[in-house]
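Letters A, B, C and D name the chains as they come in the text, with residue numbers starting at 1 for each one.
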Amino acid sequence: MMRLRTSTLPGWALVGAVAGTLVLAGAGVLVARAADPIRIGLGMALTGGLSANGKPALMAIRIWKDDVNKKGGLLGRPVELISYDDQTNPATVPGIYTKLLDVDKVDFVVSGYGTNLIAPLMPIAMERKLTIMGILGLANNEKYKYPNYFQIQPSGPDPEANWATGFFEIAARQNPKPQTIALIGADAEYPRHAIAGARELVKKFGFTAVYDKSYPPSTVDYTPIARAIKAVNPDIVFVASYPPDSVGMVRAAAEVGLQPKIFGGGMVGLQFTTVMTSLGPMLNGIVNYDFWAPEATMMFPGIKEFFAEYQKRAKEGGVDPLGYYLPPYAYSAVQILGLAIEGSKSLDQQKVADYIRSNEFSTIVGKVRFGANGEWAKSRVLQVQYQGIKGTDVEQFRVPGKKVVLYPEEFKSGNVIYPYSAAQK
Amino acid sequence: MKTRGALAVGVAVIGLGLALAGLGVNPYVYFAGYVVLQYVVIATAWNVLGGYAGYVNFGTPAFFALGAYTSIFLIEALRAPLPVLILSGGLVAALLGLGIGYLTLRLKGVFFSIATFALSVVLQTLIINWEYVGGAKGYTLIRPPVPFFRSWGVLLFTLMVALAVVTVLVARTIERSWIGRGLAALRDDEDAAECMGVPTLRLKLFATTLSGFFLGVAGAPFPYYVTYVEPSSAFDLNYAVNALAMPMIGGTTTWLGPVIGAVLLGTAQQVATVTISSELNLLIVGVVLVLFVVLAPEGLTGLVRKLRRR
Amino acid sequence: MADPLLEIDSITKRFGGFLALDRVSLRIRAGERLGLIGPNGSGKTTLINCVSGALPTDAGRILFEGRDVTRLPAHRRTRLGIVRSFQIPKPFASMTVLENLGIPLEYAGLARAHGAGAMEILTMIGLDAKAHLRPSGLTQIEMRKLELARAMAARPKLLISDEAMAGLSSAEVDDILAILFRLNEQGITIIMIEHIMRAVMRFSKRVVVLDAGNRIAEGTPAEIVRNPAVEKAYLGE
Amino acid sequence: MISWDLVANAVVAGILLGGFYAAVSLGVSLTFGLLDVVNIAHPAFVILGAYAAYMMNSTLGLDPILTGVLFTPLFYAIGAGVYRIYYASFERRGEESLRGLVFFFGVLFIIEVALSLTYGVDYRLVEAVYIGKSIELGGIGIAFRLLVPCVVGLLMTLALYLFLSRTFYGRAVMGVSQDQVALRLMGADPVRIKTIAFGIGIAAASLSGALLITIAPVVPSTDRDYIGRVFAIAVLGGLGSIGGTLVASIILGVAESLMATLFGPSWSLAVSFGILLLALAVRPAGLFGR
C-alpha cells in the first residue's frame, strides 16, 4: 500500500495520487503475498474527537507488532498490521472493516478506540463469527451478548456500576460517613453510562443525591455549574466528564471554592500528560478513576520496557509523552490475541475465542481473565488520588507517590487524604 | 434526454445495481457504494433547495438525523419494516422542511442559513435528552436476519441505488418543469419572480419540503447501516459540508451537478479513508474545495459547458 | 367614470410612525394613460408596491375589474393582469433574454389566451437580436427594454412602468415612449411613474400628483403644469 | 429554592462569558456585518490564535494574552492576504456569497489539518498567574480566568467602536457597507478598505483565541463549537453593530449561565439558539440592525 508522507505536495498531486492509489488498491489484492504474514486489521481514530487517544493506541499496537516480529512472529509467521483512520466517526466503521476483511483479507480484527467506534463493529463481527478484541468500550456487549467479544478495559462484569464502585467504597469508609452527593456529567455516551452506574451506587451505599444534572459538551464556562453545586453543599461530588469539561470543572471548582469532602470519580482527561502538567497543583486531592499509575503495585512484567519504547516513539509522534492511560491496554489487547493464537496454535476464529475465554493471560497490565459478556472477570478500575503535586513539571509524574492508588485493595499504594481540602495544602 | 428516456436510464441503473448485488463482488464495494449513493441522495436533495431555489441550508444534519431517529423511534415502538421507515423518515423530515419553508418568509440569504444551523443545534439537544431513542448514550440496533438478500450490506446497497435513482429522477423532473423554471426565477430575483406571476412562497415551501423529504429518506436506513446511532455522529457537521460542497463541485444548476459531485467527492473520501487514512484526508477535502470554487466556480458541469462553447 | 379598471379606495400605509400613504384614492379607466408624479418620498413607489401587492396595505381597498384584490399576493394580481416593471432592472441573471420572458409567459401570460409570444415581443421591442444572450451582456437601455418586454410577456391589462427612463438619453427616452404608446394602442392601460417631466407630460392623458402621502392634484398635463399646489410641492415655499 | 445569591452569581458569570463571546464575535460582526463576507473560517482563525498563544506559553512562558496582542500584526497580515485571494477569486467576479462560503469551509479544514499535523491532537492548555484564582465581591465570586478575557473583550469592543466611529479608515469601513460610490468620492479605494477591515477581523479572531485558551483547553477541532455561536451573536446583535454584538454576547452568556445554574445546564446551548431563532423570526435585522 502506498503511503503519502509529505504534506508539502500540491493538492492536485494528492488528488492524482488518490486516483492512483485506487487503482493500486485494486491491483494489490492480486499480488502474491510474500512470507505469508498473519494480518491484523483495525480502524483507529487518528483524526476527530478521540484522536488524542487513538494515535497513542495505534502506536502501542505497532510496538507490539515489532516486539512479536523480533521474536519470530506468531506460529512462525510474521505479523502485519493494517490500520485505517475511522475519523472518530462510527459511520466509517462498516466500510473500513469490510475493506479489511474482504479486500485486505486480514486474519483478525481488533476494534477501534472507544465505545462509539466499537458498537458498529459488533454486528459485522457477529455476522462473520469473528473473534474481536475491544479497546476501551463501556458495556458494548450488554445488548448483543456475543460470546467471542472481549474487552480489554478493566471495567468488570457490570461495567456501569463497577466503574465507580471504588470511589463510592472509599467515600463510605470515611468517618464520619459523608451523607449527600452531587452527580454531574456531560451529555455524551460515556458520562451518561457512568452517571447511571453512580445512581445505582448512591442507593446501594445509602447516600442522598442532592444534585443530579448534565451539561452539553460544548459548554465554555463551568463556574455556574460549580456554583450551583456549591449552593447545595454536598459532601461528595461525582463528575463524569470528557477532557475539556474535566479541565473546566476542576478549574471552576477551584475558583468558586467548591470544597466537598471527596471530589472526582469519573473524569476522563486528568490521566493525560498535557492536562496533568497544566492543571498541576489544582489536581491535589482529587480522587479519580484510572487504569495505571507509576506505583510499585502496578509494575507488571514487561511494562517498563513498553514505556521505554513508547516514550521514545511518542516524542516523534507528537502524542501523549508518558502514555500511562490507554497505550498499555491497547498493547495488552493485541498481546492477548497473540498469546491466544500461539496457545491455540490456530488461526481459526472460534478456536482462538475459546482459548481466550478459558485461559488467564499474563500481560503488561497484569493478569487478565475474561468473564461474562467478554468483560474482565473481576473489575480493576483503579481509584487514584493526586497528592503532593508541585508546579507543572512533567518529570514529577514519572515517580511514585503523585498518583496514589487507593482502590482496589490488592493494588493499594497509599492512603486517602480526607477531606479533599486537606490534600490541597 | 426525454423524460421517458430518463426513466428508462433510471430503471437500467437500478437493474445494474441489482445485477451488481447479485454478482457477489467484493462486499466492500457494497458498503463503500452505500455511502457514496447516500451522498448522491443528500447532495441532490440539498440542491433542490440550495441549487434550484438558492436557499443555502446549513441544517442538513438535522434532516438526515431526523430521518435516522424517526427510524429508531419506529423500530423501538413498532418494529416497523424498512419501507415504512424510509417513508416515515422522509415525511417527518418533510414536515421540518415545511417549517423552514415558512422561515423563508422573513429570512433570506445567510440569515436563512444561520437559522437552519441553529435549528440543527436545537434538534440535537432534543435528541440528546430523549432517552427513548438512546439519548446521548446512543442507540444500538440489533438487525434481524436479512430478508431476501445475501447480507444486509447487499440489501442496503440495492436500496440506496433505488433511492438515489428515484431522488435524481424527481430532481430532474422538477428542474425541467414549470416548477424548476419558477425556482430558477426566484433564485435569480425573488421580487421580480413574484411580480412576474411566480407563486414564490408556494414554490419555496415545495422546495423545502421536498428537499427535507429526501434528506430524511437518506437518513432513514442509516441505523441499519451503522447499527449504532448517537447524536454527535448523526448530526455530524460533515453532512452539512458535503451537502454543500458536492453540488458546488459538480455544478448547482442542473441535476447532473450534485450527482457528479457526490460520486467524485464521495468516492475520493471513501478511497482516502482506506488509503491515506490520516489528517491528509481532511486536507484533501479542504484543498479540493478551495481549488474548485476558485478555478471552476460553476462546477464541473459549468466547466464542461464553457469548454464546449469555445 | 363607469366601470373603472382599477379602483384604489382610500388606502393607507404606515412604516412605523411614518405615514407613507394617507387615504389615497384613484380610479383608472381601461385604456387610459395615467402619469403619476411627485417629489422624492411622496409615496409614488409605495403606492405602486401596494397596488402590485409587494406591500400589504394598512387600510382601504383595491379593486381590479370590480374584484377586491386587496389581500391577494402579488403573483395572483399579476395573473389577473396587474403587471409592473422595476425602476432598477431585476432580470433573471441565469437565464437568456428569451428565457426571461418565458417565466411571466408561463406563469401569468398564458392564463390569457390572446397575446404575443416571447419572440414577437422581443421583435416588437427591438431585442430579438439579443434573445439568446444573458442579461449581463446587455447595455443599460437594453436592460430597460428587457424589463418592459418581460412585463409584457405577462400579458398585462394594466402595466405599471416605474421610472423606466431614468438615466437614459433623450433619444432613448423617445425609444421607450414609442414602445409604451404602441402598447397602449393595443389596449393596455398604463400607469407611468416618471421624473422626466417631458416624458410624462407627453405621454399622459391625465396626471396625478402625490406629495407626502396625499393626492394633491389631478388633471390633464396642461392643468397640472399650471397648478400652484404642484409647483409648491416641487419647489418648496 | 431559587436563591438570589445564585442568580446574581449566574448573571455575573454570564456577563463575564459574554465579554469573551464578544471578543470572539467582533471579527464576524465586522467582516460579515459590514463587508458581507461570510467568513465561516473565523473560528478556525480563533483556534490558530489560541495555538500561537499556546506555543509562546509552553516554550517561552509568555503570558497568553500578551502573546495574543503581539501576534495581532501577523494575523492582520494573514487576514489581509486571505481577503485578497477571496476578492480576486469571488468578489471581483460578483459571485461571492455561496462560493465564498465553500471557499471558507475549505480554509477552515486546511487550518484544522495544519494545526493537527503540527501540534497533534492533544488538548492544549496554557499557564498564567491568574488561572485558578478568584475574588469575592459582596458574595459574588469572580474568576480571574474569566474576568481577564472579559476585560480584554470589552477593551477590544471599545477599540473597534472607536476605530469605526473616530478614524478615517473606520468611517470608510462603515461607508463600504452602505455606499460604495460615496466612498470613492471620499477618495478611498473600497478594496483597500475592505482588506484593512478583514485584516482587523482576523487579528481580533487571533487575540480572542488567546482568550479562549486561557478559559478552556483547545484542540484543532474546537472551532466547530464556535461556528454557530459567533454567527448567532453577530446576527442577534444586528449585523455590523458593534454595540449590538456586545449586548447579544452578554444576552447569550447570561442565558447560558442562568440556565446552567438554575434549571440544569443540559439545555443552555439550545436556549441560546432558541433565542436566536425567535429573534430571527420576530426581528430578522437583529437587536440593533440597520
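Simple rule for what comes next: contacts are C-beta pairs under 8 Å (C-beta built on N, C-alpha and C of every residue); 3 or more make two chains touch, one makes a residue touch a chain.
Given the structure is predicted, the values throughout are model-derived calculations rather than measurements.
For the pair chain A and chain B, chains touching both partners: D. Among the other chains, A has the CA centre that is most remote from the centre of chain C.
Chain centres here are Cα averages; for chain B and chain D they lie 32 Å apart. Separation between the centroids of chain A and chain C, computed from CA atoms only, is 73 Å.
Chain A and chain D have CA centres that are 35 Å apart. Per-chain Cα centroids separate chain B from chain C by 43 Å.
Annotation for chain B: residues 125, 128-129, 279-280, 282-283, 287-288 touch two or more other chains. For chain D, residues touching at least two other chains, in rising order: 116-117, 266, 269-270. Those chain pairs judged to touch are A-B, A-D, B-C, B-D. The part of chain A that touches chain B in the complex is made up of residues 1-4, 7, 11-12, 14-15, 18, 21-22, 25, 46-47, 49, 83-85, 87, 89-96, 98-99, 101-103, 115-116, 119-120, 122-123, 127, 143-144, 186-189, 191-193, 214, 216. Across the complex, chain B is touched by residues 52-54, 73-76, 78-79, 83-84, 86, 90-95, 99, 102-104, 106-109, 150-151, 153-154 of chain C. If you check the complex, the residues on chain D that touch chain B are 32, 38, 85, 89-90, 93, 95, 97-103, 105-110, 112-114, 116-117, 224, 227-228, 231-232, 235, 266-267, 269-270, 273-274, 276-277, 280-281, 284. On chain B, the positions that touch chain A within their shared complex are 26-28, 30-32, 35, 125, 128-129, 135-138, 140, 142-143, 151-153, 222, 225-230, 232-233, 236, 238, 267-268, 270-284, 287-288, 291. Interface residues of chain B, counted against chain D in their complex, comprise 50, 54, 56, 103, 106-107, 109-111, 113-115, 117-119, 121-122, 125-126, 128-129, 237, 241, 244-245, 248, 252, 279-280, 282-283, 285-290, 292-294, 297.
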